[in-house]
Structure formats: structure tokens, C-alpha cells
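Structures follow.
There are two complexes below, and they share chain A, which is joined by chain B in the first and by chain C in the second.
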Partner chain A sequence: MHLDFSILPRFADALAYGLWLTVRLTLICIVTGGALGFLLALARRSGSRLLRAVSTVYVEFFRGTPVLIQLFWIFFCLPILLGVELSSFVSGVIALTLYTGAITSETFRSSLGTVGREQMDACVALGLPARVRITSVILPQALLRATPTLLSNAISLFKESSLVSAVGMADLMFVGQNISNNTARPVEVLTAVALIYFAVAFPLTRAVAVLEGRILRKLAV
Partner chain B sequence: MFDGTRDQTALVRMEGLHKSYGAVKVLQGLDIEMKRGDRVVVIGPSGGGKSTLLRVLMGLEKVDAGNISFGGRPYITVRNGKTVIDTEVRRSIGMVFQHYTLFPHLSVLQNLVLAPCKVNGEGTASAKARAQALLDRFGLGARAGAYPAQLSGGQKQRVAIARALMLDPKLMLFDEVTSALDPELVAEVEQVMLELAAQAMPMVIVTHDMWFARNIASRVIFCAGGVVVEDGPPEQVLGKPIHERTREFINRVFHIRA
Partner chain C sequence: MDYVLDLGAVTRHFGPLLEGLWVTIQLTLAANAMGLVLGFAVALLVLSPVRLVRLPAVAFVEFFRCTPAIVQIVWFFYCVPMLFNLYLGSMTMGILALGLNLAAFNGEAYRAAIQAVPREQRDAAVALGLSPLQSTLHVILPTALRLAMPVLLTNGIVIFQQSALVAIVAVPDLMYEAKSLATKTYRPIETFTLVALVYFAVSFPVSQVVGWLERRRAVAMA
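Take a look at the complex of A and B:
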């Protein structure tokens, strides 16, 4: 077998285009999904039984079904039910947002749980109204504690977003598959694609470890 | 030295306070009246309800029955089984806890200015100036930019006291604020409290440190089983207690320390 990696530079632009879509999708969905996850976490800790029930069912459902099914459902069923055409990018964002919301809600739920009752007591003793307690004390600490896990969630999303290639979105995976098929050089091309994913994900994984140590030290009071 | 003791009008009046956690009856009809110049030290056996008393006074806990008035104004009452707290009155009370409870994500200076800026609408510049002055006074001037995790326990506790003082409280509550400290750090915190005492700040202090109690108290209350057992000047309660239960407790505590 003869391997020829020199064919790759020709496709650098196409691969870069695919990577850019993957990165955009990941960044958008970690923000929208994170926001959804935060609201879900609040709902799951709320006093209302209805809110708790609805949010729990939501989270369990999206964690308990394959992402691929969720993608297909949003791409092919949602337009039929709503009667509107959605661009594939919008569909991708919706699907991954819904999924990421379920995942990050667990992250936020545990980080909210670590802000102790004593912090709440201190807030009351200082006369801080509920709004200030949440925005200035609880939220920043919960966010800070959640950051390493959120970053891990983002890395997972970056990798799992490759599933959108199955519904025809031209992300890094999709572009790689296409080049691989057209050149009949799967070993070279798919190896390169794997390495590109790794080159982005690995430094972030290391960053999570460092960040985690720092944040834990800072909040250790 | 403590000229605040001359003012004899009642600052706090607690009447018939009852409080239980489930089946555990913690406060069982507590009556305490505090004059404006009083520095009350509360002592008593573990589980006797001292922390609960302070938490109720701070408005952190519900009560089952009884009422508290502050400066002649109703502060905490029970209506139809519900605890009603006048939050405006609550804002004139400050509390310092055993475990510091500083906000770990904020610097020392930010810890101090948060409440004045967010609650009282004070300008940042003026709050920061006051905070810096307080920190200087407590020997923490150089630590304004530090985060709580970078401070010693004694420093943290002094910051916690300064943070409460930023709101100009009319009454300060201290719940075993030196219990979590290494022995060599206790004095610096007690020093700050003695300084407040010298300025006639009304206080309620829970402590197991009998030496400190004797030094700072104008009055000592021995609390056990959710009621006041003995209440009097420190020389009496700590020196020649009238009640057998107090005597037993004092003997035991001093014996352990000796």
C-alpha cells in the first residue's frame, strides 16, 4: 500500500471551511445550550413541582436518546410539524442547543448545589435582596465552579457535532468524508481529519485541568 | 471607658421565644431584654440553643411563638403561625459567623462594598473610601485587593467584621467567631471586638472563651435547655454564679481550661 499525504494541501481550504462550520456550531450551541441548561437547572431546583417535573422529563429524555435521532427529528420532522422550512444551519443549531441544554443543566445543577447555605445566610445578614443574592453571589460562584465542566461539555460538543454530517451539513467531518470518497484516499484524509479534531480538543482538555485546579483553590473558603 | 452603658432604654426585647427543629425543642420560652449599652455574652452547653438564638435575632430562622422588638419597634412577630420579619429593622443588625462566610469570588474590598452599593445605593467611590479606612483601622489596609482564599483565618474574620460594619449596624451579633481559628490568631480578632466595645457598640457574643467573656461583657447570660438560667454581670455569672447549673457549667469549662 502506498500512502500519499501530499494530496492533502490541495484540500486545505475545504477542510478549513469545514472546521470553521464545526467551530461556529460548537460556539453558538455551547452559549445557547448553556443558557438553556442554566434555566433548566434553576427549574429543577425550583419550588414548583410542575417546573421540576417538566424540566426533569426534558433532561432525561434528551440524555436518554441518541443525538443522531434528535438531529434527524429536528431536520425532518420539525419542518413538517411546524410547516416551515428551516435552513440546515438553523436546524443544526436548534438540535444541538436542545441537546446541550440537557447536558449542561446537570453541570449547573451540581455547581449551584455547592454554593452553601452559609453564603445565603451571609447575604441575608447583609440585607441583600433576592435579586442581588442571585446576580452577585450565587450566579458568579456557580458559574465559576461550572466553568471547567462547561469547557468539557464544549469539547464533547465539538466532537459530537460531527454527527451533523449525517444530515448533510458541511462540517469538518462531512468535508473530510467527501474528500475521502472523491480521492479514494480514506487513510490519508480521515487520519488528517482525526488529527485536526485532536489538535483543537487536546489543548482545551489540558486547559480544563489547569483551570479546575485554579478555581478550586480560589473558592476553597 | 464604656460610657454607652449609661443609656438604659431597651434596644432589644425578646419575649417568649419558642423554636423547634422538628421534634427538637431548641428555644423554650426565651425572654431577654437588652439595653442600649449592653454587651451581652451568651454562654451555655453545646446544643443549648445559643446559635439558634443569634440566628433568630438576625432574622435567619422562623420561630414558632414569641416576638422581638428592636428600639421599641416590632421586629419579629408570629402571625397565624407565620414568622413576620421587618426587613428594615433587620438591616440595622449585623452578624459575624464562625466560618467567615466571605464571598470567595470577590476581593476583600468588593466584599465590603457590595452591600452598601447594592442595598443602600451608596456611590462606589465613597463606599470604597470608607472600606479602605475600615481596613486600615483593622490592620488590613494592604490586603484590600486580596481574595479570601489568600487570607489567614484571623484576617478573614476581621474582614467579615469590617464587612458587617460597613452598614453601620445598631447591634452586632458574633457567633463563636474565634472557634475555628488557630490559637495564635484569636487575639487579633478579639482585639477588634474589644475596640468596638470601647466605642459602645451594642453586641451579643457567643463564645466559649471565658477570659474574653469576662473582658468584653457588661452582662453574661447562661442559656441551657432553651431558656435563660442565669443573667447578670460577668463577676456574678462567671465568678459566683447563683444557680447550681451555672456553677456546674462554669466549673467544668474552667476545669477543662486549667
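Take a look at the complex of A and C:
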């Protein structure tokens, strides 16, 4: 068959628009999902049995079901249950936040586990209130240790965000599929879309690897 | 909320959902078989001292790890028939797309495990006069497989969940049946909740087994 990649520049604007939505969605959900994940991790280590049980079920459920079905659920079921119309962007943010929260909480949980018991004892001995204990002692250390995994999670989220195309959000994947259907040139367009995702994700994975080496060296000292 | 739940709308149509689940399970098992075997081969290629062998393998792994699975699946379904004039059943295509994706992820797991095989074992294999093939199959593979098992199983569960993506290219898996049932009955809440629970019911026990394996290993190492 005859390949013609020269059709691509015509759609550069549309693809850039899609990429911008993908990036916005990813960045927002990194922040919201990260915050939710940290709270969940605290809940899973809390003294209250109820909090522990609820957060554990939540995390296991979101990790144990496909993201696609979570998206469908938020897009089609949540508006019925709440009785309000949600814009597709808001629905997308909610769905990916809930999912990212579950994934991130596992990262925080294992990094919180590495903050030594002595530090907690020291906090109690110093009479620090719970809020200070969390924000000034535990959080900074847990965050440093969790950073490489958190960044990897962020890159995964960038990739997972392409699922919103299945519910009709005009992200990079959706725009790509549209162009491919309209021009009947799937090979050129879809390859270009894949390469765009790759061009963003690959350098980031390298950067994370470099950073991880540095943090490990720092922690070892 | 003035919405009355009607689970009967879903339970009356259990047949198609079960068929969908069966398709999902077949996809998962076949992709895992492919990923487990091909992944090991990929890891060996990635670790090869020959640049010409290593580079394409590394490119394969990085490409599959750095692009969304949905892009890979859609690409596969649209582009492979056009590029290679190859028309396969949708099931075969789904297995190939998921299997290649899994091979890239398992390749990384195997690579880490192979590198963790103690140096002495390789030396011993050489000292015993084993051929490279013999030492790979009988010394490195068993140890690496054991080391990589938790990650391989986790990847296997992930591919079970990722298999829902083939619904987008109209493979009649569990997700696809759920979508069409939700549309047909106008009962998205009941359908999607139930199907989510079905996915969960399959992947949760397996992830518990992985956790148990990891704890056992932690104890054994200590």
C-alpha cells in the first residue's frame, strides 16, 4: 500500500489541541489524585478500624477493576445518581482522580512504611501535635522516597488518560481516531499519534530513572 | 435520588455477560501464555552483548511501555491489515495486541530477574561445561522465573484489566457485552456496577495470591 505522511501537517493544530487536553487532564489529576492518594494512605494506617476497612476496600476495588469500566461508570451512572449533568471534562477528572488516588495511595503507603518507627516515637516525645507530625516530619520524608514511583505513576496516568477517548472526550487519541476515520489513513495518523505519546512519555521515563539514581544515592548517605 | 434499582434487568441477560467473561478469560490466558514465553526471549535479546540484537529489542520494549495500550490496540486493528495485507479474526488480533504489550512489560520483569541471578550460578554453569542454551534453559530460566513471579503475575492481572480495551474495537468481551447491555436495557448503573464486580471478583483473589507470595519471599529472604 501507498503511505503518505504529508497529510499530517494539515492536522497539526487538531492534534495539538488533543494533546493539550490530554496534558491538562493529566496535570490536574496528578494533583487531585496525589492528594487523594496521600489521604487514603493515611486512612489505611490510621488507628480507626472503620477508616482502615473503607480505604482498603476502596483501593482494592479501584485497582481490581479496569479503568475503562470506572470511566463508563462515572460518565453514565454518576449523573443519574446525583441528578446533575456533569461536563465531560469534570467527569473525566473525577474518574481519573479516583483511579489515580487508589494507585498513588499504595505508593505513599509503602513509602510511609519506610519512615522509621523511631521518628514517630520522637514526635510523640517532643509533644508535636498530629498535624505538625504529618506535615513537617512524615510527609517530607515519605514524599522524597515516593518521588520516583509517583513520577512513574504520573507517566502511566498520561497514558491511561487516552481512555477518555472511549467516552468521547476530544483528547489526543480521540482526535487521532477522528482524523484517521475521516481521511481513511489510519496507518499514518495512528502511527503519528503513537509517536506523539512516545515522544512525551519516553524522555520522562529516562528523567525519572536518572532522578531515582540520585535520590537513592542521597538516601544511602 | 429518584432512581429505582432493577437488578433483574441485568440478571435476565446473564447469558451474554457470561459469554463475554469467557472471551475475556480466553484473551487473558492466551495473552499471558504469549507474554510469558515471548517476554523471556525479549529479555534475553535486551541483555545481548550484540548491539544489533539489543537495540531493536530495547526499542520494542520502550515503545510498548511508553504508548497507551488503547493506541496499540487500535493501531493493531486498523493498521496491521492494511500494512501487511493480513486479515485475522478479531480474537486473534486481540490476543496478538495484548500479548505483545505484555511481552514488553514481562521482558522488563525478566530482565531485572536475570540480572539478579547470582554470578556464581553462571560461573558454575560454565565450569560444568553447559552450553549457553543449556545454561539459559536449565540454570538461568528457573531462577529468573522464580524471582520474577510476583511481577509476572501482577502484569498478568493488569492485562486481564487491559483486555477490556478490546471492547473499543468490537471484540465481544465482558466490557463490550456490558456496554451493549447497558444501552439495550437503559440500566447503566446496575450493569456497570455488576460487571465491575465481576472483574473485581476475578482479579482480587489473584492479587491476594501475589501478596501472599511476596510476603513468603520476604520471610524466606530474612
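To be clear about the criterion, the second predicted complex is superposed on the first by the 208 of 221 C-alpha atoms of A that agree within 3 Å, B and C clash if a C-alpha of one lies under 4 Å from a C-alpha of the other, contacts with A are read in each partner's own complex, and residues count from 1 in each chain.
Please note the rule applied: a residue touches a chain if its C-beta (ideal position, glycine included) is under 8 Å from a C-beta of that chain, and two chains touch if they have at least 3 such contacts.
Since we're looking at a predicted model, the values are computed, not measured.
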Partner with the higher number of touched chain A residues, chain C or chain B: C
Have a look at where A:Arg63 lands relative to chain B and chain C in the superposition and call it first, second, both or neither. second
One more residue to check, A:Pro9. First (chain B), second (chain C), both or neither? neither
Contact-wise, after the overlay, does A:Lys218 reach chain B, chain C, both or neither (first, second, both, neither)? first
Which holds for A:Gln141: it touches chain B only (first), chain C only (second), both, or neither? first
Touch test for A:Gly47: chain B only (first), chain C only (second), both, or neither? neither
Applying the document's definition of touch, where does A:Val132 land relative to chain B and chain C: first, second, both, or neither? first
Name the contact category of A:Leu81: first (chain B only), second (chain C only), both, or neither. second
Which of chain B and chain C A:Asp121 touches, first, second, both or neither: first
Can you list the chain C residues touching chain A in their complex? 1-3, 62-63, 65-72, 74-75, 78-79, 82-83, 85, 161-165, 167-168, 175, 178-179, 182, 188-189, 192-193, 195-196, 199-200, 203-204, 207
Any idea which chain A residues touch chain C in the complex? 1, 60-61, 63-70, 72-73, 76-77, 80-83, 155, 159-163, 165-166, 173, 176-177, 180, 186-187, 190-191, 193-194, 197-198, 201-202, 205
Can you list the residues on chain B that touch chain A in the complex? 55, 58-60, 87, 90-91, 93-95, 97, 99-105, 114-115, 118-119, 147-149, 156, 163-164, 167
Mind listing the chain A positions that touch chain B in their complex? 118-119, 121-122, 124-129, 132, 136-137, 140-141, 144, 217-221
